[in-house]
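Here chain A shows up in two complexes: once beside chain B, once beside chain C.
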Partner chain A sequence: MRNRLETAVRLSGRAARGNLDLVGLCGLLVVVLVVYQRLDPTLLEPATITILSAQFLPLILAAVGQTIVMLTGGIDLSLGAVLSLGMAVFVINTADGTMSVVTAMVIALAVTVLAGAANGALVAYAGLPPIIVTLAASFLWGGVTLIVLPQPGGHVPTGLVRAYNLGWYGLALPAIAIAVALVLWKVVKTTRFGLTLYAVGGNEHGAFANGVNTRRVKIVAYGLAGLFTGLAGIGLAIQTGSGDPTIGTPYTLNSIAAAVLGGISFFGGIGQMRGTLLGALLLGLLTNLLLFTGISTFYQMILQGVVLVAAVAVKTLATRERVA
Partner chain B sequence: MTGTTRRALIAAAALGALLTTGACNVDSGGTTPSGAASSDPSGGTAGTAKALKVGWSTIYLAPSWMQQTLKMLEEDVARLKGEGKVASYETFNANGDTSQQIAQIQAMIQQKYDVILVDAGSSTALNPVLEQAVAQGITVANFDSLVTSDKVIRVGTDQVEWGKMTAQWLADKLGGKGEIIAMNGPAGVAVSEERWKGAEEVFKKYPDIKISANVHSEYNLAPAAQAFASAYSAHPNITGVFSQGGALSAAALQTLVKQDKKLVPITGENYNGFLKMWADKRKEGFSSLSTAQPNYLSVIALEAAVAKIGGTAVPMDITVPLPKITDDNLDQYAKQDQPDDSYPIQPIPQSEIDKLIGK
Partner chain C sequence: MMASTIRGALRDNRALWAFGVLALTWLAAIIFAQGFNSVASVHYLVQTASFLGIVAVGQTLVVMMSGIDLSVSAVVALSAVVCAQVSAGSGGAVAILTALAVSVLVGLVNAAGLIWLRLPPMVMTLATGTVIAGALLIYTNGSPRSAQIPLLDSLANGSVAGIPLATILWLAIAAAAVWLLHLSRLGRYAFALGTSEPASRASGVPVPVTTFVMYAACALLAGVAGLVLLGFTGTSSLTMGNPYQLLSIASVVLGGTSILGGRGHLLGTVAGALLLTLLTALLVAWNLSEGLRQVSLGLLIIVLLLVYARERRTT
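Presenting the complex of A and B:
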């Protein structure tokens, strides 16, 4: 059975022709980086890499979480709320100084994993469309976050905030955190769960007929997404030295944008995490680039929209031709 | 179709993107020198101080209050450019995204701005990046929505006092007893929480004033009107409304007028829609006390930053007094010819600004 699954996944992977898309994205990224380097010659210095990776970490990890959900054929509109929740739980536990940062992290991640798994369980058992479930969940977790942290506050140890934002003996801690998170995903992907994740997203009935416990896969997938979302929230808390109960909201749509830009299909089963990584980096760098050019922020929003639509259109066209 | 077509398509897309970014690049290249050139002639008349590169990062730009603030700020920038004190000015809009605002401030640090003005999206999340800017020698002046860091100049009004002052007026108006609905801003927003904190302190002293509903709403007419209408239908016997925002007050008053109910006192803000309705209903006995978050906070922040660089001992915390709009001076504020969604304010005399910034 494992073989059959593998074949199915390989076939759908080939159909997506992920690598060709990724070459295009890589090319675009190189272009953006070259222009960026010209406007900001310090781009490749450790200090700038630290700053930029601290800036991009929440979006990258949120997009990883969103990608996992999208691979099952779902979508997570509660991601921003869960991100804020993780951030809130983390900062109230680090605030009084009695609890170690690591313990606070573990508690925050446990909460976000449970929140994610709860979303997954509703999708899997109630059979409700993910877009409805997670929309409702976004209000639920948003409310819970406000109870945990009614207004911006909390405190993260100053030494950690400094080390994270300014470098720790020259090491870009956020970049390392991103790398570790991506390795974690790599490991997960090679497990049987990783395989069934793509199978459920690609063809749920087929996967079920092949003996995959599709419900369990969905719950684990949403839970795993909760883990990455929680990490994004913790990253944001360390970057900002505090918690803010409403700061996560924009990450819902931005994470979807990054995943879509990276070639993750809305219909599930198609796409690769490195595409999402490229998508998130592109979105982040492009936004920064526009800040350097000094054009009005309203035009920047238009331009971002255009880039996104163009990227999706090109991908759709490329895939459609292939099918024909 | 062949693979080559596909590849060509993708290459074309990449090229398109390249051209777009290239175009932006050219665009900025064109504007910067001309901006610098226009300030050059006047720059010659300045004393020893160099003209400053100023930027404003704001969490929102679209609301009319922000547009008015921008206009006032730009007028002052033009004046300071004329005096050779400011070389260039740029506005950055984070559009509600605090992470984006952090990125903007980082970009401003990178581009060696001399003055960073900030209307903050979060009272805590910007602290590290603003302190980083200060450490790099940049003068940071924060106004309107304030951060908690004490390393930056903060120009604001006392939001707790806002709540206290208006609540006290209502309590006096009601003679210390009655039933009210409280109209507050969104939960979890610092401004809203602080105004309510001040109001609550006052109401605690009056056990005979019953707060029958505490409503949270966006500071927007439509959602506020809905929220008030449902609270009012549950509590039709109220004798007053504590409202902490102009649009919220307008929503409450509008509902009472529409339903042809008794016009109870409602506290408010200098939202023109509310002021106009108040002026209209004053002869029917409607009364209010309103205050304002003055748009000139931005001007004071800019002048404070410029003065600080010029060597003035500017206080780090500048609390601008809250204006009082009463039944008596309402006519100076309510502007019949201006849209509802504007915030009329009386200009602040330069002498008052100078006093506030320690000149």
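Presenting the complex of A and C:
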């Protein structure tokens, strides 16, 4: 009884600490939003929200995918390549106009889910560390993308591009897409799979000993990451109106940065999706802020690096004493 | 008895596997592909392998202590760009020294972040890599220079007794690194850290010194590779280091070193870098498109890893 109580206390302590991180992130986000509002008073108008959400959607969804993989204790270095792959498959199918956009989306998503699941199968069955598997896979999927779409091109129906970027009867389609994706994750998380996802990341041997099919969990997790990454690629294609076989590369590291900012642990099992969402929003807003201040965009990479180091360092140093 | 000893040796020494696979691949290349049987082709292969090889030797030093350096690509570009920029005003020797000093500084910053900020190596080196890439854009205003520095030119393109100087430099660096990692006290500390950090801390391994030396050495070698590349191409670019980020890690792992640290041999990395360069050359010789080449390289790496680089399930 005492033991259980202690565990409960420790767990609630951990939850409070997790929320504290999120409170800190929220505070930072509010500060950034206030500054943003001063520089761009149209921030809360529907048109701006539509444009911003279209701009942030790829990073948010890619970070959601990366988070799912990181929760299992893995990492996906092929995410950028899979994102480009989804984009390439989508734009070549919409290019000639004979295929409906929805069919093209389904095909693109099927491809990225399969690519993700293949990564997962290698991680689960080959006994190779995820970082190595996905490193090799980044060559593989990057190559497949170049075969599908050798150079930038393809075409997305103009009507869709306009509706997506400028609003559709006053609705911000990208914002709705992000919301739907997050609800989808919420649903997934409440299932048995969602629980086993955290269990495998937290303690793989323990999960296995308790009858969790750890291999299947990993394959499904990487496949699910492929789904969100594919959605990110499709979003990017609709936003830009065409495809580019190498556009996804920066998303690999940016998605990791967003997840880490949001408090997802590298060792798996710890972290919440809302943290990742905040992390991705913060990265995106800060980048835009720099544009407003008129300093060269060259500085945005420096800022990203500094924000990443500062955020993670503050978090590690703040939690270290309590752990020790 | 004999067979089981050999099997045991092979299982315990994955670096040997790397050399075996390299020999087999080279043999296959000579038999099945055109143009791999000439001295000139060997000369060219070992010369081009040395760029990747030098970066990969440095990467091995940090991977062995279960770290990783994702900033090597940025440092390769940094060193070449800085050297080209400085040489325009102050001459070759000053430029080379400045470039190497800046590279070492990056390594020290990486190590400082790991030790004092307690960041995971991946996050810290990723961040410094991003910062350097941004800083280079500002420094060069987006258009880096080309430079003809005689010393670097002869280092990259010259040869002694038929062996390219770049290769000799690479092997000399590898020899020094073998001493550092396998024979010196610091090397033993690095292995200990790679096996178990808490245990090594508890038994008095000087973590800060080891981390500083290994990350500084890794960055220094990436800087050297950048200089050799600058001599080879005569021009610097902001993206010239990009291929080396993933390929250096792939060389280390194909060389039989565990990505989790603590197991492997530095010489395996030499074989790994040669193997990757040979495979790339083969794929080019077969006239495959860029996409097919990447797919084949990815598949080949996966297959090779499955053959001999699997982690034992005991951990």
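Going forward, the second predicted complex is superposed on the first by the 304 of 324 C-alpha atoms of A that agree within 3 Å, B and C clash if a C-alpha of one lies under 4 Å from a C-alpha of the other, contacts with A are read in each partner's own complex, and residues count from 1 in each chain.
The rule we apply is simple: a contact is a pair of C-beta atoms (placed from the backbone, for glycine too) under 8 Å apart; a residue touches a chain by one contact, two chains touch by 3 or more.
No experiment lies behind these values; they were computed from the predicted model shown.
Steric overlap between chain B and chain C is present once the structures are superposed on chain A. In the superposition on chain A, A:L146 makes contact with both chain B and chain C. Once the two complexes are overlaid on the shared chain, A:L317 sits against chain B and chain C alike. When the two structures are aligned on the shared chain, A:L128 is found in touch with chain C, with no touch to chain B.
By the touch criterion defined above, A:V101 lies against neither chain B nor chain C after alignment on the C-alpha atoms of chain A. Between chain B and chain C, the partner in contact with more residues of chain A is B.
By the document's definition of touching, both partners, chain B and chain C, reach A:M301. Of the two partner chains, chain B is the only one that A:L291 touches; chain C does not reach it. Legend: residue contacts after superposition of the two complexes on their common chain; A:F266 is shown touching chain C, with no touch to chain B.
When the shared chain is aligned, chain B comes close enough to touch A:G241, but chain C does not.
Stretch 56-64 of chain B is the one among 56-64, 74-82 or 200-208 that clashes with chain C after the shared chain A is superposed. When both complexes are aligned on chain A by C-alpha atoms, chain A residues 145-146, 150, 296, 298, 301, 303, 306, 317 touch chain B in the first and chain C in the second. Listing the residues of chain C that touch chain A in their complex gives 68, 70, 113, 117-120, 122-124, 126-131, 133-135, 137-138, 142, 246, 249-250, 253, 259-260, 289-299, 301-302, 305-306, 309-313.
Across the complex, chain A is touched by residues 1, 5-7, 9-11, 13-14, 16-18, 20-22, 24-25, 27-28, 31-32, 61, 90-93, 95-100, 102-104, 106-107, 110-111, 121-129, 132, 187-190, 193 of chain B. Those residues of chain A that touch chain B in the complex are listed here as 20-21, 23-24, 27-28, 31-32, 35, 38-40, 42, 48, 51, 55, 58-59, 145-146, 149-154, 161, 165-166, 236, 239-247, 249-251, 254, 284, 287-298, 301, 303, 306-307, 310-311, 314, 317-318, 321-322, 324.
For chain A in complex with chain C, the touching residues are 75, 77, 122, 126-129, 131-133, 135-148, 150, 253, 256-257, 260, 266, 296, 298-306, 308-309, 312-313, 316-317, 320.
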